[in-house]
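Letters A, B, C, D and E name the chains as they come in the text, with residue numbers starting at 1 for each one.
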Amino acid sequence: MTPHFGVPEFGFLLRGLQWTVLLTLVAFVGGCTAGLVVALLRTCGRTTVEWIVRIYIGIFQGTPLLLQLFVVYYGLALLGLKLSAFVAVAIGFTVNASAFLGEIWRGAIQAVPRGQTEAAMALGLHYSARMRDIVLPQAIRIALPATIGYLVQLIKGTSLAAIVGFIELARAGQIVSNQTYQPLLVFGVVGAMYFILCWPLSWWGSRMEARLALAGQR
Amino acid sequence: GTLEDVKKKGVVVIGIQGDNPPWGYVDSSGKQDGIDADMGRAFAEYLGVKAEFVPLAVANRIPALTTGRVDILFATMAMLPERAKVVQYSKPYVANQITLVAAQATPINSNADMGKYVIGVPRSSTQDTQVTNNAPAGAEIRRFDDDAATIQALLSGQVQAVGANSFYPQRLNAAKPELGFEPKLHFTALYNGACTRLGEKEWNETANKFVDQIKSNGKLAAFYAKWMKAPVPVFPDSVPGVPFTVQ
Amino acid sequence: MQDQILIEMKGVQKWYGGYQALRNVDLTVRRGEKIVLCGPSGSGKSTLIRCINRLEAIQQGSIVVNGHRFDDSIKAIDVVRQDVGMVFQSFNLFPHMTVLQNCMLAPIRARRISKTEAEASARKYLERVRIGEQAEKYPAQLSGGQQQRVAIARALCMQPKVMLFDEPTSALDPEMVKEVLDTMTGLANDGMTMICVTHEMGFARQVADRVIFMAEGQIIEEGVPDAFFRNPQHARTKQFLGEILAHH
Amino acid sequence: MQDQILIEMKGVQKWYGGYQALRNVDLTVRRGEKIVLCGPSGSGKSTLIRCINRLEAIQQGSIVVNGHRFDDSIKAIDVVRQDVGMVFQSFNLFPHMTVLQNCMLAPIRARRISKTEAEASARKYLERVRIGEQAEKYPAQLSGGQQQRVAIARALCMQPKVMLFDEPTSALDPEMVKEVLDTMTGLANDGMTMICVTHEMGFARQVADRVIFMAEGQIIEEGVPDAFFRNPQHARTKQFLGEILAHH
Amino acid sequence: MGYTLDFSVVWHAMPALLWGCVGTLGLALAGMTLAMIIGVAGVAARDAKAAWLRAIVIGFVEIVRNTPFLVQIFFLFFALPLVGVKLNPTATAIIALGVNGGAYAIEIIRGGVQSIHKGQIEAGYALGLHKGQVFRSIVLKPALRAIYPSLTGQFIMLTLTSSICSAVSAYELTSVAQRIESDTFRSFEVYFFVTFLYLAISWLLMAGFAIISHRFFSYPTR
């Protein structure tokens, strides 16, 4: 009745880890796409649009992700839009990530010196060419460390997908701990798995940051 | 959707608990198991469709049903009058003893004794309701997310007693046999039913016919022997405040 | 041809919020003219030349560049910007592109000429500012003077009708000022129409057809360099020239 | 008294990692002397004066300031720093303090004089650099020239024996250069000992007792301004002066 | 549909919910205070002479930043009793929040100190101030001002993270919400409204932070 923590349990955690990775990828890809739109709208120069986007960002940065997922999952269902759990979670994460990444990238876009845009304008380049060729390539470099940092948050944040039934790593840990009654061991292993997933990214991020800082000094 | 939709699609979506053995849990190979899972599969078979399980956390079982994310709940749903106001119960199919469990050495003999200790319960569970109703005013009750955390709180000494269902003593003693965990107070026997949405007559009638059938054809007895290691108890014909049919 | 009017500003007024940066400015520039703009800090020199290629919008008056009147249509702005080259105090080279790419970008994207053509022309102008062998380097690998010369070449690649310079040498180490001024002088001798904000009075004397003095958003005085420096009319001009020339 | 030696550098060598920034520098400064230091970018001018108040540590040689020899004891460094005032190219005013607070901070903290006394002295020196009425403003609210004058007043408040200036006017708009140079000239006329890195040759001519030319970490040539400018001895000096003076 | 929204339960539960907000704010503010202390101490230790001390700080920061909060708080609540440290849920929550926020604060504050222009520090030395005086009078305020947005942003996140503390039965808004939900089964209404309450809390905090910033960091810059 009560198995000990062994190979099958470890395998179960690994399957949870797969979900964690998959959910993270979906959220990140979705968040990047939507975040780019948010960032561009937030810097478009039209006061009304910028304010609407600001409020959008404020709402999703100002409430717990847990409750956002809840409201998307059940709220959309109440409106008669019955999405599969995966699609609902993907939407929830995408929307949340778009707010955070949008804000990170807005900062990066605005951190590109104004003279760059002016030089591009003076050369007769249109908005799309200015963004694509001049501003965004520089903004991406500036934003990379923070973006990687957010990716780490996202990996950890996917644990909240459990509330709508996803058995990702944290949930798998709960289940195994509930079967084996060795929560310390189980959560230790789960923590280590998150660490192995997140730490290389964090390390890469801070190295990028250090490099950027160095480049900035020159 | 409606019963007809389900038959057309060939899949019934069943809400179940994901981490609460032996009621409903996902085993190490990722398969949904437990007595509720067997019930669910039997129900799908009864309808002639496939079963699709949605594992739910305790607190999300009712919203998953009411918002239409699942068609029916086999999710350790104890019959309580308040719940009956928002979901439609079927006839009962499982009984559950709700008790207060503590180590042998902890002297608890009456409800009033609960006031002297810190008591843990899984939030939103039947135990939560029972302990809250029976404990003296001012008793310190700590609410955790699920059974695992509650049990762990007792084992680590963060609480001295827990509101338990029939399976807690067995699990606790497996982890720390030297403490001799035992039921101290008996609160109530509770009955679990399948839940459908309020007012959906067709679903409710189908669920009731299914429960009647497995009671009479011995299937339920087999499930009971497998999971509860006990014979099927006698179920009451009515539970106060909990109608089994659409009113 | 020599007398053709290239830029005509009439009654131009420009506000930043409540602050009026240009007050009723009239200015006519003919093809081939070289104009030096000077005046104290905050007098509106940058604002004036930035209005010419619409980096700033004006609130009143009209600006006609090479026959195109500014309305607010995007089309008109783009057409004018292609006719007007601009060089900034802080170079504003694109740091993520090589020198060559910096020079090729706008011709390809805005003029839509082919890559090979763009490259040929870029290399030609880089040679002309005597920096051809640095084409594959990134801006950060060049000295300030070299960067500014690349910026000039980049603007020339669009084959502008007129070049605007906004204090092109004031961010440079003293040693590098000369190489940039020499490049500009060369350009002037080739007949390029130029408006140049600068405090390099030696350059003004040598190159300018007209020196224009601004203060508080207005054109106060203008004249040929010799007369302007020897015999300024207005008190404000005298004071300014006194300050600027005192410590040289 | 007039002949008292205030600074004496002997055989000073300074490396940044593997790069030698100062090569065997000897320099003696007497009380009341005004010295202008010039030379191409990277020649070690800043490094030299930063060694004097130990913002940079030296690896060989000795520096004696006002009779105090630098060893590495914290005490000696602090004492010397209080005797040496320094003015930077980029002002380095503290942005979160008002002008007055900027001037009062060090006297209160390092000299431990009373608040009222510090304020009185701060106001006196602010008057002296003709900026008394700006005492309550924050640095960002002042023009560059005003900021640099505050920086001078701030250094004076510590009543230093010698003032070091590291290109004090090269971050300024041309108009503001004069007001700062005037302040410095005033200071020189009052008898302050000064070492000044600058390319303002007019100032050097007018004020300096000696002009020193550095290149590649060495003192190449020195002399009284007249002789130095009219008749430089070394090829490197001639070339430098040629470049520097060409466009003026 | 068979389900009609009924927000009256939320109305009836309002006092409890508002108390929950107080609980959340209390946890958050206590957590932030602890995080600040850990942050400043950590920055000092991060640049200490003793290599082991630096290693501890680096290890601490990396572990905390690369594991989920839930795992951290479980560890504090369920594992520390095994070595004889038994903290009540509130203390556990505050420490968990403080430790989590502290790790981020260390990195943020460090960045702020490094962002101070070297010339500022040199000017301080040139005036004869010593290291401590330079840090207190010259570095600290501009550094805090530079990091203020990211620091307060992190603290808002910390406030939202406190919703996870219900997992160890700490008293805060989410636990109150779950309690009301289990009484009424009006999950959607309750959670929807609680989401609004969180929004109100974070906007309130932002406003508070803005006032503090205005009061202490409002010197002009270019």
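In the analysis below, a residue touches a chain if its C-beta (ideal position, glycine included) is under 8 Å from a C-beta of that chain, and two chains touch if they have at least 3 such contacts.
This structure is a prediction, so every number in the text was calculated from the model and none was measured.
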Subject >> Chains touching both subunit D and subunit E >> reply: none
Subject >> Separation of subunit E from subunit A in steps, with touching chains one step apart >> reply: 1
**OP:** Compute the rotation angle for the C-alpha superposition of subunit C onto subunit D, expressed as a multiple of 5 degrees.
**Re:** 175
**OP:** Report the chain whose mean Cα position is at the greatest distance from that of subunit A.
**Re:** D
Original post:
Counting only C-alpha atoms to place each centre, which chain is farthest from subunit C?
Top reply: B
Original post:
What pair of chains is linked by the most C-beta contacts?
Top reply: A-E
Original post:
Taking each chain's centre as the mean of its CA atoms, how far is subunit A from subunit D in angstrom?
Top reply: 52
**OP:** Express in whole angstrom the distance between the two chain centres, defined as the mean CA positions of subunit B and subunit C.
**Re:** 80
Original post:
Where the centres are mean C-alpha positions, what is the separation of subunit B from subunit D, in Å?
Top reply: 83
Original post:
Measuring from the mean C-alpha position of subunit A to the mean C-alpha position of subunit C, what distance in angstrom results?
Top reply: 45
Subject >> Overlap residues in subunit A, where contacts from two or more other chains coincide >> reply: 74, 78, 183
Original post:
Which subunit C residues touch at least two other chains?
Top reply: none
**OP:** Please list all residues of subunit E that touch 2 or more other chains.
**Re:** 1, 3, 74, 78-79, 82, 187-188
Subject >> Pairwise chain contacts under the document criterion >> reply: A-B, A-C, A-E, B-E, C-D, D-E
**OP:** Using the touch definition up top, name the residues of subunit D that touch subunit E in the complex.
**Re:** 53, 55, 74, 78, 81-82, 84-86, 88, 90, 92-97, 105-106, 109-111, 138, 140-141, 154-155, 158
Original post:
Mind pulling up the subunit A residues that touch subunit E in the complex?
Top reply: 58-59, 61-68, 70-71, 74-75, 78, 80, 152, 156, 159, 170, 173, 183-184, 187-188, 190-191, 194-195, 198-199, 202, 213
Original post:
Which bits of subunit B are touching subunit A when the two form their complex?
Top reply: 18-22, 25-30, 54-57, 60, 63-64, 67-69, 146-148, 151-152, 155, 170-171, 174-175
**OP:** Using the touch rule from the top, collect the residues of subunit A that touch subunit B in their complex.
**Re:** 1-3, 8-9, 11-12, 15, 73-74, 77-78, 82, 85, 162-165, 167, 171, 174-179, 181, 183
Subject >> For the subunit A and subunit C complex, residues of the former touching the latter >> reply: 113, 115-116, 118-126, 129, 133-134, 137-138, 141, 218
